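Next come two complexes built around subunit A: one with subunit B, the other with subunit C.
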Partner chain A sequence: MIEILSTGPLCSVQDAGRRGYRKLGVSVSGSMDSLAFRIGNVMLGNVANAASIEITVFPFRVRFTAKTRTAVTGAACGIFLDEKAFPPWWCFEVNPGQVLTLTPPSSGARAYLAVGGGIDVPEVLGSRSTDIKVGFGGFEGRCLRKGDRLAANFVAEGSAASGSDGFGVVPPCKGEFERESARLGNADGHAGTCARVLVGPEYDSFTGTSADQLWNADWTLTPDSNRIGYRLDGPTIDLKSPIEMLSHGIVPGVIQVPPYGKPIVMMLDGQTSGGYPKIGTVIEADLWRLAQAALGSKIRFRRVEIDEAVAASVAQEKFIQSIANSQWRAGWK
Partner chain B sequence: MEIAFIAELIQHLQQSTIEEMELRGQGCALRLKAEQTRPSGGALPASKSQTLDSDKQSNKLVIRATALGFFENQHPSNEQPFVAQGSEARVGDIVGLVRQGRFFSVVRAETEGHIGSMLKQNGETVAFGDVLFELNARERSYT
Partner chain C sequence: MVDSTGNCKLKLSYLGEAAILCESVGTLDAGAPDLGLQTQFWALAEVVSQWPAVDEVVPGMNNLMVVLRPGISEPWALLEDIRKEWPHVAPASLIGRVIDVPVTYGGQHGPDLQFVASRAGLTLEDAAALHCQPDYTVYFLGAHAGFGYLGGLDARLHTPRLDKPRMSVPAGSVAIGGVQTGVIALTSPSGWKLIGRAEESFFDPLKEPPALLSPGDTVKFRINRVEA
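On to the complex of A and B.
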């Protein structure tokens, strides 16, 4: 069991998401930073879809009741096992009675706590993710509270080679992903998030100036952003002329522009249909970048074509597989 | 398996932090295990003792690399280095990382003191047992 000793209001159990039910109006849900979520499970040798805890409010404290291994990925939060500190993106052993504390991150917004075997909550529609908006899945269909006790499919302790200090991985925001980020628009010292965007079906319905502003402006992530959608502040985006649209299916990443002209990026808990014109769609491979954007931070979009979007997804998959296939993992299975 | 070969292995084992090793060949298996009196951990206790003896006059202690790889004095997610010259290191404090490919292992202080000389630059290649830092021990540790 894992006992929650301290948590903010928006920490929840998430897995890779609830897919295949959008036709019934069921949102995808799942881990906002799918890259951090997946790497956490890779570090532990878990199945790819093992449920983790998504932590958005810090400090977060849990007590373990059994020996296991755990991995903390995502935001660069402080990690303390009792008094012992670990760097971010780290996998290590925990013993019964030990308390894990995650303190506010120096960068990033969401941390993922994965445990060996995964968090054991009932599957609903094929997923253990919490649909916070509707209130089902995950742990009792809600965010975690102090005193909650989560079951986990704890696996036996790691091999002797693992040691108590464990190991870490280079965060994906560095290395080749950092160079990629520079290409996306961080080259001029922009410290915010850069995400690649495909133009949307109604892109040509916006004025030329407005369309240019989507690419040129530094958008601010407003405080009323959440797992449903990211509301951005910046220049007003105007339509050439008002258009009436029937509600239609939308996916995470779609950038809608409501009549007041400030874009909303739909995220994983977003509704499955909408009626606002769509100026673009953040590519799937860059949704994790948005997931780690802190409230108040700047976001920049760069236009890409579908070939680059597909290539980015392939590169991301290769990155995860390169960790999974590493020789190091052999000693950790 | 030649006796001389085994003797050489034991000699190497005594100079390392390896607790236990097993070697299997055709029709034979050899297991060597360090005596329990030797403390476990990443740094080289034997070398540390030697350092303690030889440097006792100057109160010098060292922190050594626990793996082969590239030394990193800060985590890529953080802008601040783990330690700086003159900063205090307590037992168990993280003082650096050793990167191998996409992976890190951690280097912790095994004794307390103040960081003196920093002998490896960020990104420099280090071998197992290389001295990374010299520590100036606290006076009270030796009085």
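On to the complex of A and C.
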């Protein structure tokens, strides 16, 4: 069991998401930062889709009732097992009775707590993710509260686990990805998030000035942004003339522009269809960057074409594979 | 715009590297959705859903979103396959059930009925009666779980979406979005104009099937009462 000792209002059980039910209007849900989520499970040797806890409000404290291993990935929060501190993106052993505390992050917005074997909640419509809007899946269909006790499929085998200080991985926001981010437009000192965008079906329906604004402005992530959508503030984006569209399917990452002229990026709890004009789509490989953008921070978009979007997905897959293939992880197992 | 095979032309666009949106172009820019065309999109959805590169198909209102399986390295090939397939799809009629939905029009849960009625030059009662008149076809489910997009709305009731969507609209709200109407199935954000309230439950994840409505079903609204 994992007992929740203290939590904010927006922590929930999430896996890779609920696929196959969009045609009923069911949102994908799942971990906002799919990269951090997946790497947590890779570090533990879990199945790829084992459910984890997504933590958005800190501090977050849990007590473990059984021996297990755990990995904390995503936002660079403080990680304390009882008094002992671990760096971000770290995998370590815990013993019965030990308390894990995650403190507010120095960078990033969402942390993922993965445990050996995954959080054991029932699958609903093929996924363990919490659909917070509808109120099903995850733990009792809701965000976690103090006093909740989560079951986990604890696995604690392996000699390397005992008495070890564990191990970490280089966070994707460092190293290669950081250099990439610089190429994406951080070179001029922009300290915010950069995400790559493919132009959307209605891109040419916006005025030329407005279309340019999408790429040139520093967008502010407004406080009413959440897992459903990111509402951005910045210059007003105008259509050449109003369009009333027939509703159609949309995916997380789609940037809609309602008539009030401020873009909304649909996120994982977003609606499965919409009807506002779409100026672009944040590529899937960069959705995790948005997931880690703090409320009030700046976001910048860079235009790419489809081949670059595919290449970014391939590169991300390789990055995860390189961690999965690492010798030290094999030794740990 | 109709091509040599008699089928409406398709506009294909990428929604990132994850999905392809297939839309009809030319014929319907200002008009209502077309049921004949919808049956072609239902048929396209059926064919495309069998392809190995495809993860999910999500029909829309006279359009189709195709969600790619993760890791598909050549989405442009899939796009070409869809373009080639479209002229060959035969319309697929879906025979559905008839579902009666009593509605309380106006009042607290229909704050936009007044706007919709005045725009049409109608009284609240006449606007409600006009909304109840047609047999609506469920074109597709989307926006949120269990929400059916209904085609067949009288042109006098066509109403633009809100300039800025409401953050939360209660489940059961009967709403109009452009040329479409429907019942908000779960409390959620929406940019549609709200004209009334229904009591039915439209989605339960633990039921099989989870959604009350299916594409091809017919919805008949009935006036429960009209409130000012």
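Things worth noting here:
Going forward, the second predicted complex is superposed on the first by the 327 of 333 C-alpha atoms of A that agree within 3 Å, B and C clash if a C-alpha of one lies under 4 Å from a C-alpha of the other, contacts with A are read in each partner's own complex, and residues count from 1 in each chain.
Please note the rule applied: contacts are C-beta pairs under 8 Å (C-beta built on N, C-alpha and C of every residue); 3 or more make two chains touch, one makes a residue touch a chain.
Bear in mind the structure is a predicted one, so any value in this text is a computation, not a measurement.
Legend: residue contacts after superposition of the two complexes on their common chain; A:326 is shown touching subunit B, with no touch to subunit C. When the two complexes are overlaid on their common chain A, residue A:204 makes contact with neither subunit B nor subunit C. When both complexes are overlaid on chain A, the residue A:167 reaches subunit B alone and has no touch with subunit C. Of the two partner chains placed by the overlay, only subunit C lies in contact with A:313; subunit B stays clear of it. By the document's definition of touching, of the two partners only subunit B reaches A:106; subunit C does not. By the touch criterion defined above, A:84 lies against subunit B but remains apart from subunit C after alignment on the C-alpha atoms of chain A. In the superposed model, A:281 makes contact with subunit C only, not with subunit B.
In the superposed three-chain model, the partner touching more residues of subunit A is C, compared with the other of subunit B and subunit C. Comparing which residues of subunit A touch subunit B with which touch subunit C, the overlap is empty.
Against subunit B, the residues of subunit A that register as touching in their complex are 76, 83-90, 106-108, 165-171, 173-175, 322-323, 326, 328. Against subunit A, in their complex, subunit C makes its touches with residues 11, 13-19, 21, 23, 28, 33, 55-65, 67, 70-71, 73-76, 140-147, 149, 160-165, 167, 177-180, 185-189, 191, 203, 205-206, 209-211.
The residues of subunit A lying in touch with subunit C in their complex are 19-27, 124-125, 131, 133-134, 136-137, 198, 200-201, 224, 228-229, 242, 244-254, 258-260, 271-276, 278, 281-285, 306, 309-310, 312-314, 317. In the complex of the two chains, the subunit B residues touching subunit A come out as 42, 75-79, 92-94, 97, 99-106, 108.
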